[in-house]
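Please find one structure pasted underneath; my questions will follow.
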Amino acid sequence: MIKALFNLVLAFFLVLSLEGIARKIVARVQRRIGPPWYQNFIDVFKALSKHPFSNGWVFDFGVLMALGGSVATAMLMPLGSLKWTPFPNTDNFFVITYLFTVGALGMAMGMVGSGNPWASIGISRALTQMLGYELPFLVVMASVIFNYKTASIHQLITFQGEKWNLFSMPLGAIVAFISLIGMMGKKPFDIAIAPAEIASGPMVELSGKYLGLLQIMHDFSLFVEISLFVNVFLGGGSLGWFLVKFVTVWVVAVLISSVLPRFRIEQMLKFYWGVPLGLAFLNALFVVLGLTL
Amino acid sequence: MALGLLPLVLLTLSIFIYLVSKMSWKMGALLNFLAGLFTILYVFTLKVGTFEKLDLFGLNIQFEWTNVSFYFSFVSLLVIVSVMLFSTKWLETQKYRASYNMFLLMVTAGSLGVFMAADLITLYVFWEIAVLSSLLIVPMEKKEARKAVVVYAVMSAVGTYAFLYGTFLAYQRYGTLNIHGIAQGMLNDTSIGFKMAVFLLLSAAGIAKSGIFPLHIWLRETHGLAPNAFSSVLSGQFIKLGNYIFLLVLSVIPSLKVFSEVTVYSGIPLPNYILIALGNVSIVIGTLMAIKQDDMKMLMAYSSVANGGYILIGIGTMDPLGFEGGMFHIFNHAVASAVIFMAFAAVIYRTKTQKISEMGGLIHKMPVTFLVYLFSIISLAGIPPMSGFISKWMIYQALVRKGMFITAFLAFFGSIGSFLYVFRPLAGVFLGQLPRKYRDVKEAPAVMLTPMVLLVLISFFLGVWPFPILQAIEKIRVDLDVAPSFKISDPENWLVKGFAGSWNPVLVFGLFLVGFIVAYILYSLFPRPKKVDLLAPHREEGTPINIYTGGEFIYNPDLYHYNTKFYAGFERMYEKHPSWEKLLKMFGKLFHDAGEWIHSWFFEPSSSAYTFWVVVTLLLVFWVRW
Amino acid sequence: MTNSMSDALKTLEVFRPEVEEIDEREVKLSVAPDRVIAVLETLKSLGYSHLSLMTCIDWIEDSQFELVYILFSWKDGGKFIVTTRIDRNNPQFVTVKEIWPVARFYEREIHEFFGVKFSGNEDMKPLFLELWDDKPPLRKDFDPLEYSRRKFPGREYQKDVIDEAKKIFRGEING
Amino acid sequence: MKERSIWERIADNLRSRSIWMLHYCTGCGAVELPPSMTSRFDMERFGIAPMATPRQADILLITGYLNTKTLRRVIYTYEQMPDPKYVVGFGSCTINGGIYFDSYATVNRLDYYIPVDVYIAGCMPRPEAILEAFNYLMEKIRKGEADGWKRYRENYEWYKQNQIRSLGEVYVHDEFHE
């Protein structure tokens, strides 16, 4: 259980500071100074310290369920090796992805419960987006699981002892990275939280501490998504190596997302169900024929 | 009381209940419920393996009570008993109350008979009882339901008569009607073609009943227009009849051994593969059509199509995990869709409309119905704390383990699509702004809520501690020796094991609770929120809605609720989709016109031409004298 | 004056308008109040179909309101400004809503800002001003400064800042 | 100025370092905001970021003259903002009515209706003045002097009575929104 709590603490501090660094990177890309790296900590605690409005018990229940779901998923996530796996017999891939959707559904219900049509439009976009990026990712993961005959993450890590999945299944890694950007809701795919079009979508009625709690929930979900990608495709190694890989994946994603404009829903779906899905099936074909590098 | 008498007693009881309901329908409904309760308790006492032979009007009926029949009767009785309790209060909205009670009991008797039948003819007889009584209940409430019942009758007729034809084929070749006898005969039969024909003909009844691809058209209108409580039985219990046929055909007749020489891909024989392909197509159709429906009951009808596809895929793989996943999904789908339809019935009982676009914000008035609906869609969509996830997890494990990537892809598409279409009524009907005309809607009566809450609690309990039902299914799997050596559930250390890793449902639920508590602690640490009253425009006129409206004053809540065309972005992508219904309607039109042409040929207006044709036909008949 | 506009003038001779040519394609016709509708209809039939503006001018000295109709023709680009004078104390006039539907809003605005009543156009609800409780604001005898001081309290300055600003501007004292 | 508890002081420090600005431009001064956000002046380095909804925002910028229609919407938005909120008045129109001092529709003094923490003089201040004002506001928040929202809550009646006096009624039915 201590490892699980360590997971939470690490997730909170690591991802918040990484987001501060991301804002710095984006600022540097736009040739301006940008906020200090600890800016997100200040934002979260400032938001938590304000006197909020609550739109009814569903609104509160939804926020609690969202945070509960993503905290539970973060506690399940192994960090790079068996030594750092909180619950070795329950870190099945499908359990993690579907427990992750508990958070998403809780947030969706809470935000629509706020009664604001902006939020419903944002949530309908977010669910459509989930349909978009989730399918190529699951097909690639199915081929990885079929290849190594196991779905438990820490066993997948040990199988990648000498060669990372990134090199043995390059197609799968590329598709997984593209859907990772969609999962994180970074720039090209932040249709659901578009501040200009739908007044920051689902977060339109979030004031004070709800905004802070949702920000923490977003951090835990970022932590889960990126560590899932790092565990499955970039092999294992000690905790230090895991953090290095985590940061590099995050920086690459931020660089890509800082220069791309926002997609529309159809464009996003056509994009995800076009090339990435094709590559995913191609990768599955290679795996079935045993052609992994 | 002997095993065979149970369905017959229920049938006579239904006549008696008809008379009682004539006097007072409340008494009739109560009696109905008690009869159901008695049956479900009696089913527990029956010993597995008792064989019973009865001859009734010269037809010898054979019953056999196996683990499979226990499991299926328990599932369907659970749904029917809760609907009977539900309709004790709900029936006041109906006109034909007495016949509703009678036919509901007949449906129970029929399905019990089907699950207990040892030979195909008794199965067919009780199958007809169940189908005919449901045919009579469906058109009871709405006028348009009459046309829908015709489509339903045709579709199930296609299925049942193909089944009957398959039975006679098997009887003519193997000399016996007993299921195990046929299975033995098929084992040592050599001609693949004949075995395949019998297999597909028998499974046609399953395809028709559980709404798999070619025969899935009737589901939308029948579920949409049937009396609300009965559509819960229709989707919760009637689909199980179809699934029983699949089980019968796929595993009671051991399809792996029977068709071992025509294996297509990773150990799955050709007929199974055909059925799985049909299951895939029905998942895609069910999900895509459900996402764009505006009528909430039709939406759930299409979700039954999709979940029927899931069950078929689960059982079709004949892989221990897939088989057990499919069987568990039968239970989950039955409970979840029964509760969802009952929740819709409660909503319609209060708001008198089925269209999502006309409703909204009902959570302020019907919170318990909202919670019941929320937990059942969590189970239907397959999300961890509820039991729906375990069955889907097993099916995914089997599909990925066998390397069937197309089916796995479609299964993932179905499960994520199910998030979308179960969320649409949640957001459109329960959340958002309450329209003016539903200002004084009250919560559904308590009698209606108790069955829903009970079913949700059962599903919740099984989600956290699935081992009782997993052991029951494991007993079935060992009976039908589908890879009996493989252990899936071991309750000692709370693990559900699969090929590719295991997981611990109690731990996952515990973690979710810990997460919830951590969230609540964080929530209560910080300043208390100021309550925003979403019902302000309803309380006193002239106060604008107090949510962010771009600085404008909005006084009319009806304008400010987003529920029509909820997934507009996604629906636009498949606007002009090929419709299977239009194809069949075109065929129907073709036959209609041909008949019209021949009809006009004979029935001339002039009497002379009419007599001429009569004479010609008579001559022809005598000349041939076959 | 383009020749098409001059023949239009010839047809309008019967109404004896005072013609005043403002620009090469712009002519002002001031007409007696009872002949305005006829002039407008003939001009519309001659192609001057676009009522681009309808407004009112307050001549407080000779206590009259001047109603101005600006018609524009898309065919030859000519612009006729038809004006008429009505009494200021009891401003009454006929609506042109039937000829140009858009006039309904113009008349509503004129009613709100000048107080002119238009018979035949009954929805005289306030269009721009919300909860207005004073004289129609665009009348010359309405003093906006006084109204502004009464309705929207301003900031009291100890010393007279404005004339000090003038001095700075004139450079008498350095700012 | 009452003594603030340790939590209050920490919270004020946090609030000063990350101000979220409501993207609701009421007048001609809003055109000065984009240049102060982009790379030359870069407001974000002080932690100031534009937010789309009043629920998430800390400061409300009144960037120009306020006529009666906009004032109603500004008051309504101000009341939708969560509590420690601040108002910054841009330009002379909010101070004393500016060039519209004698108009029948324009407000002459903003802080009769909502409490204003910082005024920026100038007939539309340039980005340097805006950043200077924001830093001054951050300093006031840190010292705890920026208590406009407390004043609004304490003498709420006085503000309401002023609003009714000038606007007649804050919420108004107009035919275009039924």
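Order of writing sets the chain letters: A, B, C and D. Residues in each chain are counted from 1.
The working rule: a residue touches a chain if its C-beta (ideal position, glycine included) is under 8 Å from a C-beta of that chain, and two chains touch if they have at least 3 such contacts.
If you're wondering where the values come from, they're calculated on a predicted model, not measured in any experiment.
More contacting C-beta pairs link the chains of A-B than the other of the two pairs A-B and B-D. Between the Cα centres of subunit A and subunit B there is a gap of 35 Å.
One finds 58 Å separating the Cα centroids of subunit B and subunit D. The distance from the centre of subunit A to the centre of subunit C, each centre being the mean of the chain's C-alpha atoms, comes to 63 Å.
The centroid of the Cα atoms in subunit B and the matching centroid in subunit C are 72 Å apart.
Residues of subunit A found to touch two or more other chains are 49-53, 199, 204-205, 207-208.
In subunit D, the residues that reach two or more other chains under the touch definition are 53, 55, 72, 80, 172.
A complete list of chain pairs in contact reads A-B, A-D, B-D, C-D.
Interface of subunit A with subunit B (complex): residues 4, 8, 48-56, 58, 60, 63-65, 67-72, 75-76, 87, 89-95, 98-99, 101-102, 105, 108-109, 112-118, 120-121, 123-125, 127-128, 130-131, 134-135, 138-139, 142-143, 145-146, 149-152, 155, 199, 204-205, 207-210, 212-213, 216, 264-266, 269-270, 281, 284, 288. Against subunit C, in their complex, subunit D makes its touches with residues 68-69, 72, 95-97, 101-109, 112, 162, 165-169, 172, 174-175. The touching residues of subunit B, when paired with subunit D in their complex, are 542-544, 546, 548, 551-556. Every residue of subunit C that touches subunit D in the complex is listed here, in rising order: 125, 129-131, 133-134, 137, 142, 144-145, 147-149, 151-155. Of all the residues in subunit B, the ones that touch subunit A in their complex are 361, 363-364, 370, 374, 378, 381-385, 389, 392-393, 396-397, 399-401, 403, 405, 408-409, 412-413, 416-417, 419-420, 423, 426-427, 431-433, 495, 498-504, 507-508, 511-520, 522-523, 525-532, 534, 545, 547-548, 550, 560-563, 566-570, 572-573.
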